[in-house]
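Two complexes follow with chain A in common, the first pairing it with chain B and the second with chain C.
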Partner chain A sequence: MKERIISFIDDKLKQFDPVWLAENGKGGQRTRYRDDGSGIARYREWRGVEDTFQDYTAWLKNLGYMGAMVAKDPIKVMKGIWEYRWMGSFLASFAFVDRIYEGYRGRELDIANIHGNAIVRILTLRIGLILHNDKRLGGGEMTDKMIGLDETIPPLFTAGFPTLNAEPMQTMPEFVVCDVDQHLDPYYIDVAESYGLAPDVCSRCSAETGVAIDDAFPVFGKLVLSTNQPCNASEATSMFQRRRFHQKGIEDYPFVFAMQHNTKNGNEYSKEELRQAIQKIEEVYDVKYDWNALFEKAKNMNHQNQIELEKWEIFATPYSPLSGINESLYKLVEWALVNGHDEYFNEIDDKVIGIMRQAVRDKYVPYKGKTRHRAFLWGPSAMYYTDFPTWAQNCWGIDIVLNMDSTMGHNMIDTEDPEQALEDLAKFSEKGVMRHHAVGGWDNVNAVWEWANRLNCDMVICNDNVACKGMNGVHALLEEQAQQLGFHFVFLPHDLEDCRTIPRKEIRKAINDYMSIVMGEEPLDATLVDFDDAEAW
Partner chain B sequence: MKKLIGFLFKLVKRIVLIGLGAFVLTFTIYMTNAENKLIYDVVRPFLTKHYDNQARDRRI
Partner chain C sequence: MQDLKYTLYFETLLEEANNELVRKAVEEGDIALGYNCYYIPETLLNLPGTFSSRLRAPNCSQTPIGDYYLTNRNCPYTRAILERAVEGSYNYLSALFGAEACSAMERMEEHFEQIAPVKHDPFVTTIIDAPLKSDRAALVYYMNELRDKVVAKVAELGIDTSDEALLAAIEDHNEVSAIITEIGDFRKLDNPTVTGYEFHLIQLVSEVCPHRLILPYLRETLEEIRNRTPDPEPAFRARVILAGSEIDDPEFTKLLEFCGARVVGDRYCFGSVPSREHLDVRDSESPFEAICRHYLETNLCARFMSEDKIDQRTDVLEAMVKEYKADGVVIESMKFCEFWSYDKVLSSHILSEERGIPTCQIEKDYTLTGAGQLRTRFQAFVEGLEIKRLETTGKGAQS
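So, the complex of A and B:
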């Protein structure tokens, strides 16, 4: 009876389902959007009764997390929105979640919303904590017990300081929110350039510098650990940021990792750096490192990585309902921000791997069997604000099986011997965000082909950051390799966080051209081929 | 006893009605994408104007 009612309603409302519209040549995903380039949909996606209600309840849950953040300290949150431009950008989060999970149905949507809720939960908790303890907004009980970390330093090692709280400095003002709102970072980039700094540099580092110049970092803690991760550009921006931190009375300590992170000497060097960073924190905060506290959180991280290794096995099959931005954004947040500190994420992993195992047993074919190509992506953050993987699947049936950033540190950490744990942590920390396959020698970049083979991909897509001098250097080498190894290969031009240099539409055009001219294929959804979203968040 | 049953009936009726009202309201907001329209068309332009007029200390 229930099924009959559901299928009756589904049949009556199918003209509001963009997937049905595209399948029947009557429209598609963009049909429901306004025509003003704003990227605002006139109505939300109708996914059928069951999936729509599933998505609605996930939306309600996100609303609840945001409400809880405001309710905990409404004055500080309001002050934060009034003070920081980047806080205004977080208001676009609902639209961001809709955008990245567009077209998802069934088990893909189940996992997406489990992940989406977990991401919103942790971000609202951390934003709430930062604003509550921000000296600029009045400070709180944890203000002097917080350690500022560069966003690319994996925070697991700070678990050995259970009375302190380590927060990545740039994650909220720049790193995460620029994915939610593409118009945020151009403002900070302009601030940096109007200060007289070079415009042809990595736009992420430029934006971070702009945040420092604009005095838009939250103020907390006594110490900030800056770093050279992921590359030399980070060293430059760290130098500008430390000036601002010093003005606020916060000491700076450079925590420098070996660039050649696959060598024995490199690992030894990073291990010593890690030891010294721990000593520095002990000195500044007058606390002793607690190895048992570290081991407890390292167990969480090991559990996470064990599941991750199993996920990679499932990714190699055609039955994984987890892929694309759903996989990579969750992994990025879970690895770079949580990093073993929150047991809740272990519960999420257990739940998701359960769905994935069942999908394999059922030989479940995701995306209604519309996937035509399986791609390994070499993609940094430009893939998030452009919602590129979601678009690639919906428009051309290209499933982004895995992104290079998702292969971050996955070695296990010893949970008994401090000396061994330090060595494991050094290895783990060296392979941080945008690092494992971006720096440390040609072999690391060249590993994309091994990954593509391992995951049974026929395509490799490589983001081509026009301002990244390092990756520009390997451009021709990668093209040669693709030709020799027989992969479909596309370079996606982008300027990382500066959406003005190469807009989303131009990024999509690179794929459109390849798929139509080289491959001679027709799009799955014609409304997604060429549309204007320049004014969208 | 009758009074208690009457009270419980009213209470359940009220909870159901409130729940139904909340569902209709939130589901309407959800389906019409009302919160995003409000933020994009009203809240963000107001905030952006405020941010653009902020005096920020750019001496570092």
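So, the complex of A and C:
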């Protein structure tokens, strides 16, 4: 009876379902949006009774997390919104979550909302913690027990300081928030450029520099660990940031890793650097490193990585309901931000791998079987176009099976011997965000074909960050390799965090042109081929 | 002043990488070892039977092949080097020792292996990972990298890399450095007897020519400058230090001097600071360790991240301003250079706002395109320095 009622309602309301509209040539995903480029939808996506109910429940859960953050310390949160330009951008989070999971149904949506809730939960917890302890907003009980980390330093090693709390400096003001609101970082980039910084440097680091010049970093802790991860511009921007931190009475310590991270010499150096960074924290905070505390969190990380390795096996099959931005955004948060510190993410992983195993058993075909190409997304992606993989799936049936950054450190960490753990941690930490395959030599970049073969991809989409000197330097070699090996290969131009240089529409055009001109294919959803979202969050 | 005897000859030597002296040395059986960056100690490449060749791409105005491989959004120096490599300009080399100092350089050097543009047998390419700090751990890493990727490879070419050979290389380094330093010191005079352009030529030939063949010319030039009569009145309006990245075109220095400046100090990648400091072997140090320590200590690369090295960059510039009695500093960065884009802005801020030293920031291509715009900038800067001096001393031109 229940199924019949649901089926009746689904049938009656199908004209509001963009997937049905696209299938029947009556519209598509963009039908429900206003035509003014604002990216504002006139109504929420109708996904059928069950999926809409599930999605709405997840939406309410996100609302609950945000409400809890505000309720915990309403004054600091309000002060934070007043003080920091970037805080305002987080208000676009709801639109962001809706945008990245657009068109998802069934098990893809189940996993997406499990992940989405976990991401919102951890971000609200961390934003709340930072604001509560921000000296500028009055400080809190943890203010002097916090360590500032460059956002690209994997924080697992700080688990050995259970009485301290390590927080990434740039993640909230510049990095994650760019995913949510594409119009924030251009402001900080302009600040840096008006100070004299060349416009051809990496926009992520330019934005970080702008945050430093604009004095928009939250203020906490006694020490900030800067780093050379992932690349040249990161090293360079730290020069500006350290001056700002010093001005706030916070010491800076450069915690560097070997750039050539696959060599014996490099690993030894990174290990020594890690040892020294631990010593530095011990000195500054007058605490002793607790290896047992590290081992406990390392077990979490190992568990996550074991599941990750199993996920890769499932990604190689046609039955994975996890892919695209759903996979990469969660992985990014889980690896780069959580990094074993939060057991809750183990529960999430257990739940998700359960769904994936069942999908394989059921031979479940995701995206209603509309996938035409399986693509590996290589190179660092545009932060201001997080929903690109979703668009590629909905418009052209290109399933982004895996993203380069999802291959970050996945070696297991010894949980008994400190010396071995240090070595494992060094190897693990060297393979961080935007780094594992983007720097350290041609072989690391050239590994793309092995990955693509392993995951049964027929296509490689290579992010072409126009300001990334390292990846620019392998342009022709990659193209020639693709030709030799017979992969469909597309360069996807973008400017990482500056949506003005190459807007989302132009990014889409690269795929549109390739799919229509080179591949001679028709879009799955014609409303997604050419639309304006320049003004959208 | 009367022209130096070898000015024209030095200019000719700088017209191409495979110049007359390089060809002569190779014909006589010496092995040519190429490098791009100060992270590769020149001294390690000047062993008995080898000579170092710091790669330049003179007169390279178009880089279609470099653009194809590295894109036109990348460092123009690296594109020009790759262009020249594919054209066959470096076919005299037996090796290229690269450094992962910056991504652009590293990628360019990788192409020496991937597309094998150098037609020479044998030819090897290695790339060291360059440390970002100067502490003991960084030195050990630097030594391991240089030992495995430079010294070992040189030995494979049949070259003696023993302590004795390294000591001979250190002696050679110190002799060249002593000559260049003494020549450079004439720029400290109130009325310098060597121009910035001439010094740039001299410094460059010492980096791109086999030392044993260029040394006689350098010695003779030093003697000539010692006895040189300066112009009765200085032909410049301001003294400046030139700082920046890969400035290997003496025409750039000439352009700056045509605008009324006298370049009295050179603190850039192909300059004498750093590169022509005396190299000491301390007690309990092997010659190899001494070389590595020296190059790490003196290295002023804009990529260093530790506080001592960051401060060293501006401290050295400030000290040079005092030592060479400079009126200001010109800080150059090459287009698409991440490190110098940042360091130019920051050093300029520190020097001008915190240390009261006038600075001029410019961005340029590898070649002298946009010379007109640069001329305007330089003229305005020199005029500004002159006005400042007039305001403080009442004196116009340098006396």
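By our rule, the second predicted complex is superposed on the first by the 532 of 537 C-alpha atoms of A that agree within 3 Å, B and C clash if a C-alpha of one lies under 4 Å from a C-alpha of the other, contacts with A are read in each partner's own complex, and residues count from 1 in each chain.
Here is the rule we use: a residue touches a chain if its C-beta (ideal position, glycine included) is under 8 Å from a C-beta of that chain, and two chains touch if they have at least 3 such contacts.
As the structure is a prediction and not an experimental result, all values here were calculated from the model.
After superposition onto chain A, the partners chain B and chain C occupy separate space and fit alongside each other.
In the superposed model, A:A212 makes contact with chain B only, not with chain C.
In the superposed model, A:I353 makes contact with neither chain B nor chain C.
Once chain A of one complex is fitted onto chain A of the other, the partner contacts of A:V284 are absent, as it touches neither chain B nor chain C. In the superposed three-chain model, the partner touching more residues of chain A is C, compared with the other of chain B and chain C. By the touch criterion defined above, A:L125 lies against neither chain B nor chain C after alignment on the C-alpha atoms of chain A. Of the two partner chains, neither chain B nor chain C is touched by A:A534. When the two complexes are overlaid on their common chain A, residue A:Y43 makes contact with chain B while staying clear of chain C. In the superposition on chain A, A:F240 makes contact with both chain B and chain C. Once chain A of one complex is fitted onto chain A of the other, the partner contacts of A:A447 are absent, as it touches neither chain B nor chain C.
Contact with neither chain B nor chain C is seen for A:A510 once the two complexes are overlaid on the shared chain.
Once you line the two complexes up on chain A, you'll see the smallest CA to CA distance from chain B to chain C is 9 Å.
Within chain A, the residues touched by chain B in the first complex and by chain C in the second are 195, 240, 243.
Here chain A touches chain B in the complex through residues 38, 40-44, 46, 56, 59-60, 63, 81-82, 85, 88, 91-92, 94-95, 98, 191, 195, 212-216, 240, 243-244, 247, 537, going by the rule given at the top. By the touch criterion stated above, chain C contacts chain A in their complex at residues 68-71, 73-75, 78, 100, 102-104, 106-108, 110-111, 114-115, 127, 129-133, 135, 137-138, 140-141, 144-145, 148, 302-303, 305-307, 310, 333, 335-336, 338-339, 341-346, 348, 361, 363. By the touch criterion given at the top, residues 195-198, 200-202, 205, 209, 226, 228, 231-233, 235-240, 242-243, 252, 254, 256, 258-260, 263, 265-266, 268-269, 272-273, 276, 439-442, 466-470, 472-477 of chain A touch chain C in their complex. Within the complex, the chain B residues that touch chain A are 26-27, 30-33, 35-37, 39-41, 43-44, 47-48, 50-51, 56-58, 60.
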